[in-house]
């Protein structure tokens, strides 16, 4: 296949290139909303994509979580025991469904993950106001399938980490100066499809419900 | 002259159900796109920026591909190059064999359609399963996609209901769209959990970081690239962009142009296989970079613009011809205006040159293209390649040249550069207009649906001369 | 594409008329009306008798040598630095947008820039340069409009026909549904792909029929011939007429 590589590249390199269009990269992210407006926009955008949004505080979010779990009759919830969020949940688990931890490589319990887990709770790496988007940087503590396989995904986001736009988030979080995680995710609602008659239906392959707690 | 394509187009026009389905979805997509760009000035500036990003990436294509390869390899992603679709298929097969895998689950990928991957793997005893809802419908029906973004756009819910019922007899018959989607969810879930290999396409590849971006709404792309232990991504070489900063503008204009969404439900950015101590994600990630004629297209500065396409589908949604004949009539992997310029360049004007005639050059495609590809200009260029005598890089050039047609154009040109002759002919035609009318009435392609235009008694030249409106 | 003119210029005394082959042979009265409209504004019209066709049919069919020869013959007919008026967006667009590409690398390439800059589609010229002020003398009527794709997307003058018609107080203008969609003419397309062309024109004719208008008005005779022909074939009561002829007929006093 090295042959293919060399053939392709040498063909490309012999082409004559004329002056290209000038590319000014910093023109597109000019918006700068107030933090209140950002939160409001973030909320309406996510809601219009059928996500559930809850407002909470540093103190009340655990109660919100309990409320959500009860309202949805969840029997179990997958979470990380080592994040600060997870630790707080474990300490106050009385009114919560049974807590499950992702502490084994997926190969050892894939079937259970796909069939037995009803919900997952994750933190987020940030949010994007103009599109209503959660940014997730899955890692060893919160693996990537947590936000994908269980039918309900509950995510917590700090309002202070909501950026105007994706372009701004990239810059503010210095993505290009960091070693990127294996899989970054932008999530803007529950899974959906419009493949039949361009009519929206939710919960196709990913989570059927996306619940966001803002603190 | 009735040709292969014209016959096919006529057949497509007779399929009223498909036409209705296509038109109804296309109209929805047009409406959604329009609502997504409420501000004309903003659209213009977004479009200018996106066009510049793609033009910049294309102008540095070989360098960016090398940079991409270096960064992907540093991140632990294996890079394979394929000059032809055969090589790309063989690479997939080798990976499958290496992992002793006999089953592959697929996310939506137009490049895998271009490769004819499913058929190829089937002949080698490997089972392929499409997991995008639209692609699954197509696979169950043993058809081909009729649209890049909405593959089963030509089918309505009743047809899909019947299809699902015949394929999954255990599921009760339903025309409810959400019930149909849930049936697909239940059917595929187990396969996501057990498939040894997953395959997806790619929307953008970021050279700066060695990252593959996939956008989707259903989550099946995430499933295919996350759940199986091996992930294979296939992409055309043109999908590379220079840096992370190039992604947000392109992403925003892509999803708005395609379906009117400000963003898709999932944007999936893959930079490496599972890292040490991570508990999920594939342990091996492969990227296959397919050329299949792209580097040849690249050699021509005018045709090169074809490679800037971000596959949003807006051109087909706004094409009156696509709307009437639907995607299958094109008999290509990619239909619509972009297919009209891409497929003849890839597969040769000898077999696909006639597609360039499937355009009125109305310009609706270029008007909505988020990266300003001058599709009518390229169609015009390819029509020339199709009939030209001198050689050029596009395969099959000159294959459309017909002696009689060429002679007619020669006579026409001679007539037009000899005003004396031109005026005599037009004058005779008008003065003998009864006879001329009868001849005109015989141009059956025209008169099948239209009355013959009546010739006036004198030409404009004659009338103005009579009015003394003349040369200086 | 962005084709801003080098200079919009003041109102000229004299202009060239490029009559176009379709008008010459099939719709001469549109050309004559164009002359009347221009002359009424105090503009002298020169009609170089050696003109024939802009070359677009061959250009769009890939016959570039033939298109070039024909275009070159036209190019020489308009030497003075005065506007060239074409009562057709399609032919104006050919000269304005495509001549420079067609002549690329040819010794006379430079002169195409000058000619391209001077060419105007009629309605564009009437509104933007002459700033005509029309008084309607006609009976109340309802018209449907069809702007050609070249007027809309190549010359960006699709709205000029509306601006002109809206000056006529007895004229009710209706834009048909899906107005921006091509009528399916496309020059040789109508002959090469007649089945698709027919499907397109039938849809267009239906939309126009649905307006309930008495007449169909357009700035391009290709589209008018196509849509008008389809309407007539269906025995529709809607007749078609070029904007120049319509404007002139309604705004001049018939000489007794």
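Residue numbering begins at 1 within each chain, and the chains themselves are lettered A, B and C in the order written.
As a convention for this text, contacts are C-beta pairs under 8 Å (C-beta built on N, C-alpha and C of every residue); 3 or more make two chains touch, one makes a residue touch a chain.
Per UniProt, the chains are A = L-lactate dehydrogenase complex protein LldG; B = L-lactate dehydrogenase complex protein LldF; C = L-lactate dehydrogenase complex protein LldE.
Note that the structure is a prediction, hence the values are computed from the model and not measured.
J.: Hop across touching chains from chain B and tell me the fewest hops that reach chain C.
T.: Counted as steps through touching chains, the separation is 1.
J.: Most central chain by CA mean?
T.: So the chain sitting closest to the middle is B.
J.: Which chain has its C-alpha centroid at the greatest distance from the C-alpha centroid of chain C?
T.: With centres defined by C-alpha atoms, farthest from chain C sits A.
J.: Can you compute the centre-to-centre distance for chain A and chain B, using the mean CA position of each chain? Integer Å is fine.
T.: The computed centroid separation for chain A versus chain B comes out at 30 Å.
J.: Compute the distance, rounded to whole Å, between the mean C-alpha positions of chain A and chain C.
T.: Result: the chain centres lie 54 Å from each other.
J.: Among the residues of chain A, pick out those that touch two or more other chains and give their numbers.
T.: As it turns out, chain A has no residue touching two or more other chains.
J.: Pull out every residue in chain C that's touching 2 or more other chains.
T.: In chain C, nothing touches at least two other chains.
J.: Enumerate the contact residues on chain A facing chain B in the complex.
T.: The contact residues of chain A facing chain B are 1-5, 7-9, 11-18, 20-25, 27-29, 45, 49, 102-107, 110-111, 114, 128, 130-133, 139-140, 143-145, 148-149, 165-167, 170-171, 175-176, 180-199, 201-207.
J.: What residues on chain C touch chain B, complex-wise?
T.: Residues in contact with chain B: 1, 17, 19, 21, 23-29, 31-32, 35, 45-53, 55, 57-67, 69-70, 72-73, 101, 149-150, 152-154, 180-182, 184-187, 189-203, 225-226, 228-230, 232-233.
J.: Where on chain B does chain A make contact in their complex?
T.: 21, 24-25, 28-29, 32, 45-46, 49, 51-53, 55-56, 59, 61-62, 65-66, 80-83, 87, 91, 131-134, 137, 150-153, 155-157, 160, 177-178, 180-182, 184-185, 188-190, 192-193, 208-209, 211, 217-220, 222-223, 225-227, 229, 237, 243-249, 251-252, 259, 262-275, 277-281, 289, 291, 295-296, 298-299, 301, 304
J.: Show me the residue ranges of chain B that touch chain C in the complex, using the header's touch definition.
T.: 6, 9-10, 13, 320-321, 324-325, 357-364, 366-367, 374, 377, 380, 382-388, 400, 406, 409-410, 412-413, 415-417, 419, 422-423, 426, 429-430, 443, 445-453, 455-456, 458-465, 467, 469-472
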